[in-house]
Amino acid sequence: MGTWRVYLSGEIHTDWRETIMEQSKALGLPVEFSAPVTDHPASDDCGAVILGDESNKFWYDQKGAKVNAIRTRTLIEKADIVVVRFGDKYKQWNAAFDAGYASALGKSLIVMHDPSLTHPLKEVDAAAFAVTETPGQVVDILKYVIHGQLDR
Amino acid sequence: MGTWRVYLSGEIHTDWRETIMEQSKALGLPVEFSAPVTDHPASDDCGAVILGDESNKFWYDQKGAKVNAIRTRTLIEKADIVVVRFGDKYKQWNAAFDAGYASALGKSLIVMHDPSLTHPLKEVDAAAFAVTETPGQVVDILKYVIHGQLDR
Amino acid sequence: MGTWRVYLSGEIHTDWRETIMEQSKALGLPVEFSAPVTDHPASDDCGAVILGDESNKFWYDQKGAKVNAIRTRTLIEKADIVVVRFGDKYKQWNAAFDAGYASALGKSLIVMHDPSLTHPLKEVDAAAFAVTETPGQVVDILKYVIHGQLDR
Amino acid sequence: MGTWRVYLSGEIHTDWRETIMEQSKALGLPVEFSAPVTDHPASDDCGAVILGDESNKFWYDQKGAKVNAIRTRTLIEKADIVVVRFGDKYKQWNAAFDAGYASALGKSLIVMHDPSLTHPLKEVDAAAFAVTETPGQVVDILKYVIHGQLDR
Amino acid sequence: MGTWRVYLSGEIHTDWRETIMEQSKALGLPVEFSAPVTDHPASDDCGAVILGDESNKFWYDQKGAKVNAIRTRTLIEKADIVVVRFGDKYKQWNAAFDAGYASALGKSLIVMHDPSLTHPLKEVDAAAFAVTETPGQVVDILKYVIHGQLDR
Amino acid sequence: MGTWRVYLSGEIHTDWRETIMEQSKALGLPVEFSAPVTDHPASDDCGAVILGDESNKFWYDQKGAKVNAIRTRTLIEKADIVVVRFGDKYKQWNAAFDAGYASALGKSLIVMHDPSLTHPLKEVDAAAFAVTETPGQVVDILKYVIHGQLDR
Amino acid sequence: MGTWRVYLSGEIHTDWRETIMEQSKALGLPVEFSAPVTDHPASDDCGAVILGDESNKFWYDQKGAKVNAIRTRTLIEKADIVVVRFGDKYKQWNAAFDAGYASALGKSLIVMHDPSLTHPLKEVDAAAFAVTETPGQVVDILKYVIHGQLDR
Amino acid sequence: MGTWRVYLSGEIHTDWRETIMEQSKALGLPVEFSAPVTDHPASDDCGAVILGDESNKFWYDQKGAKVNAIRTRTLIEKADIVVVRFGDKYKQWNAAFDAGYASALGKSLIVMHDPSLTHPLKEVDAAAFAVTETPGQVVDILKYVIHGQLDR
């Protein structure tokens, strides 16, 4: 298989995506990464900015969430592997939603989170093929599943 | 259509499910409700109790979550409508996971939560056909979509 | 096959549905009919009445259309045959939308309309298994496909 | 994702498609656009011209609509995003049919129309991820969902 | 499984369907049989009789074939097992079409024909789970797969 | 959900199926069990007995395996839960084939085997929602997922 | 859409495939054609030659038909358009089988045959988007659906 | 079709994969081969090495099997043809699992094994399009189905 498509969902306040992408690039892995829009204000405001402002916050949010869904749904459906990262802040229900969505589509799900979140994430972890804690582990998995290369 | 199948996912610490079921019954609505196991300790321990104890908490949780998944996946796949309730406590990532799973399967999703949760739930709400706040609204929707009856 | 499920979509201002249902009943055909909510004001207002009023007409309509979609989508997906009637008034884009939706799901589509609408409906007719003009023709088709009975 | 495939359905009497395509090209967006045949006489006559004339107008139209369907169905099924434009003239039932067809296939639907059409298009809009009024808004959405770039 | 649904496609000029149904009934097999309309003139004329006459033979046939397809497609899609019988007369392309259609849907295909037809039917037979010569063999298979009962 | 459908695949030389069925019945569980034909000689000979003898052992086996597949494929596709039991004798590749088949169809897979088989069955276990050792554990799971009842 | 994939099924004793391919090439149409193996003896013997001879003609044919099915099924599933040509000789049940198979997969079906075969092919024609008589008409359709170019 | 994707599943202790790949390359066949990780220790240990050690052998194996499943599931789902080789040692339940998984996904299955395994593999063989004994036969099939070239 030429190129593996990996979607990186979830937490947007640390540089875990960049770490995964840089390490993968350094290894020359044939991976095409994709992700949601990680510019938080743009992600919140895209609907109102493009389609017109809304005074009602519910519809303001709905407009934006729907526009973002065009991107996230399309990219998740194209992905071979979906990695979902849960951080230590915020509700992150969109991350769990993506995990459920990806799982129902039969994607290979990899979850990344601190062990302290194990209990509340048990249903999400149970749908995963690997539960990781660090970007390095995700890269190790990619290297292994793509090239069969395991560093001991 | 004889009977509508409605799955009630999410928060397990208030009586919202009972309210919906009782009001629907009082109205004679032809609905077959289903839900996850709402006995919290049973839900946590089912894997270890049935399949053997685990000293490692991660695997303890995984065993349980997998057994629960037999129930939840089967019932969500059979459902026509999936209602997901978010309360004001706990992480509730399993609720968001169910919402994503149901949405990817093309189920009609109804979300129920307090308006204070609108922003963090915007992606989940964006996948819903109705965003409600009370069990009564869910019953009103069921009554309307099944019988076409709208009380003003 | 015990019961055939037939969804009657489209025009809501004449009694074509009742005619089909009565004639089918008189013939004892094993058909379970379903339809959208045909009470026009209820159909327009259901979202705002159940979920809360909206001053913005766009969102007022969206709330209602989404609630109605719970019913229409569920029933179309359960149907074996989808009949779509186009009348001589109104835009009726929802009827054409239902026809496209049903066609993509592989339902057997029957269209009913006056010959004067043949040209603008040619793409819809092209997706149909039968293009009829009267409720009696629809009943004749049901009688034939269910019982193999053809009255000459 | 290398290239996004966008199908432009609906109104064929204004230059909205060209505007979207030119603006996208100017921005260097990696989009492959497709559309129905927009030469109205060719679209009407293709069946009879290629397959043989028909004196009966119904079959004349059917032959053409079926040949056009080879193109439209194939391209909609390949598309990631389907944009449907409703103008102020004609019945445009084929546009609504395409919207229903695309929606049932799980495509990301974007609708474009004048606000005056909001009420009759409410069911179509309810299936959309964005309801736009201008080609520029469609291009803004494409720029945002592909590059995450939002101009304020 | 309560009832097995078996569709009997193909040749309509001998009593093979009646033989299978009678023997199955005598054995008390829980099978619900279905079939195309086997009244040949009705099958040929149903379109024109119900929807209006056609002077052009091609369209006369198309109208009928489309109406018949409502029945055959629906019943094949509902079936667990599809039996296709090829006789010694006529082209019987509709039988082979049904076999291909059923096979692509993943139905369990049983073919019945005289050994003299083995070579021209080799592609159809290759898609079958059993190639039979007599109605009795079909009934033996049904008895075996339903009850596990094998008479030696 | 009224009745749960559970397919019992795999080993046919011990009474594990009967134990599961009797215990489930004693508990009044609403389960409809199904299974392959467990009469080994009938299972081996069904093809040749019904369709005609074969001197070549390969084709003898193929005829039988294909007839059995009508039963096993149909029942697995109808099942909600597929239980696959591996014993301590024979190759049992058909059991592993069924597990893969059921897994690809999205069925909830439960595996049953002695811990001594853990290593060679690791890929099969990895696809399972529960790995059990005894019929009693399977019944406990059914009781729990159906009634939410957990005996400690 | 870059390249259209067109599978050419059916009659193998005239040069209709070559005509279509040459005319398409002359027009520079972006079409990738595929077809079954049209070397009749190779097609008949491939199973026995590669996998070992069979004295029983039925199994001889089955071996070959199965090997051919690897090619035909794969190519039909990859195709956007399936053209099926019926000639004036032989049973051609494999052609009708392919038409049914392609139709159930939702492929755009084009049928080619002499008008004298209209009646026995009516069910196949009813599943088609175009019924043609000559290779030139098929090329005209390809030119039209790909480029929107209609020569009058 | 440009490139055919062939997944080589099963036995990892002989050089059958290399033989197939070398012979295919020598023939210039446009095939992209893929396979599970065939480094047995890496395949056993990948989960524990990447995700952290496990003292419990069951979880040690599960971690590894799940990581391997990311590779095998993805590659099988991308494949056009799945070849499964059974050797004369080990349980090889993963090979049979892959065969069932591939079969349920509708892949063209080719099985390779010694005739001595015919009886225990009869259900797997029955799902195959070809049952081979040598790598050369697999290459002959690829050459034939891709180029239509049959060497006698």
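Which chain is which? They are A, B, C, D, E, F, G and H, in the order written, and residues in each are numbered from 1.
Convention: contacts are C-beta pairs under 8 Å (C-beta built on N, C-alpha and C of every residue); 3 or more make two chains touch, one makes a residue touch a chain.
Composition by chain, UniProt nomenclature: A, B, C, D, E, F, G, H = YtoQ family protein.
Bear in mind the structure is a predicted one, so any value in this text is a computation, not a measurement.
When the partners of chain D (YtoQ family protein) are compared with those of chain F (YtoQ family protein), the chains appearing in both lists are E, G. Any chain bridging chain C (YtoQ family protein) and chain E (YtoQ family protein), meaning touching each of them, is among D; the list is complete. Checking E-G, D-G or B-H against C-E, more than half of the residue-numbered contact pairs recur only at D-G. Taking shared numbers over all numbers used, the chain D (YtoQ family protein) to chain G (YtoQ family protein) interface scores under half, which places it in the different class. With each centre defined as the average position of its C-alpha atoms, the distance from chain A (YtoQ family protein) to chain H (YtoQ family protein) rounds to 31 Å. Remark: chain D (YtoQ family protein) and chain H (YtoQ family protein) have CA centroids separated by 43 Å (rounded to whole angstrom). Chain A (YtoQ family protein) and chain F (YtoQ family protein), compared by their mean Cα positions, are separated by 37 Å.
The residues of chain A (YtoQ family protein) that reach two or more other chains are 66, 68-69, 106, 131, listed in rising order.
Chain contact topology: the protein chains form a pattern that is neither a line, a ring, a star nor a complete graph. Each chain pair that touches appears in this list: A-B, A-C, A-D, A-H, B-C, B-F, B-H, C-D, C-E, D-E, D-G, E-F, E-G, F-G, F-H, G-H. The part of chain G (YtoQ family protein) that touches chain D (YtoQ family protein) in the complex is made up of residues 1-2, 4, 80-81, 106, 108, 110, 128-132, 137, 140-141, 144-146, 148-152. Those residues of chain G (YtoQ family protein) that touch chain F (YtoQ family protein) in the shared complex are 56, 59. Of all residues in chain H (YtoQ family protein), only 5, 32, 34, 37-39, 42, 45-47, 49-51, 63, 66-71, 73-75, 77-78 touch chain A (YtoQ family protein) in the complex they form.
The touching residues of chain F (YtoQ family protein), counted against chain H (YtoQ family protein) in their complex, run 57-58, 61-62, 64-66, 68-69, 72, 86, 90-105, 115, 117-127, 131.
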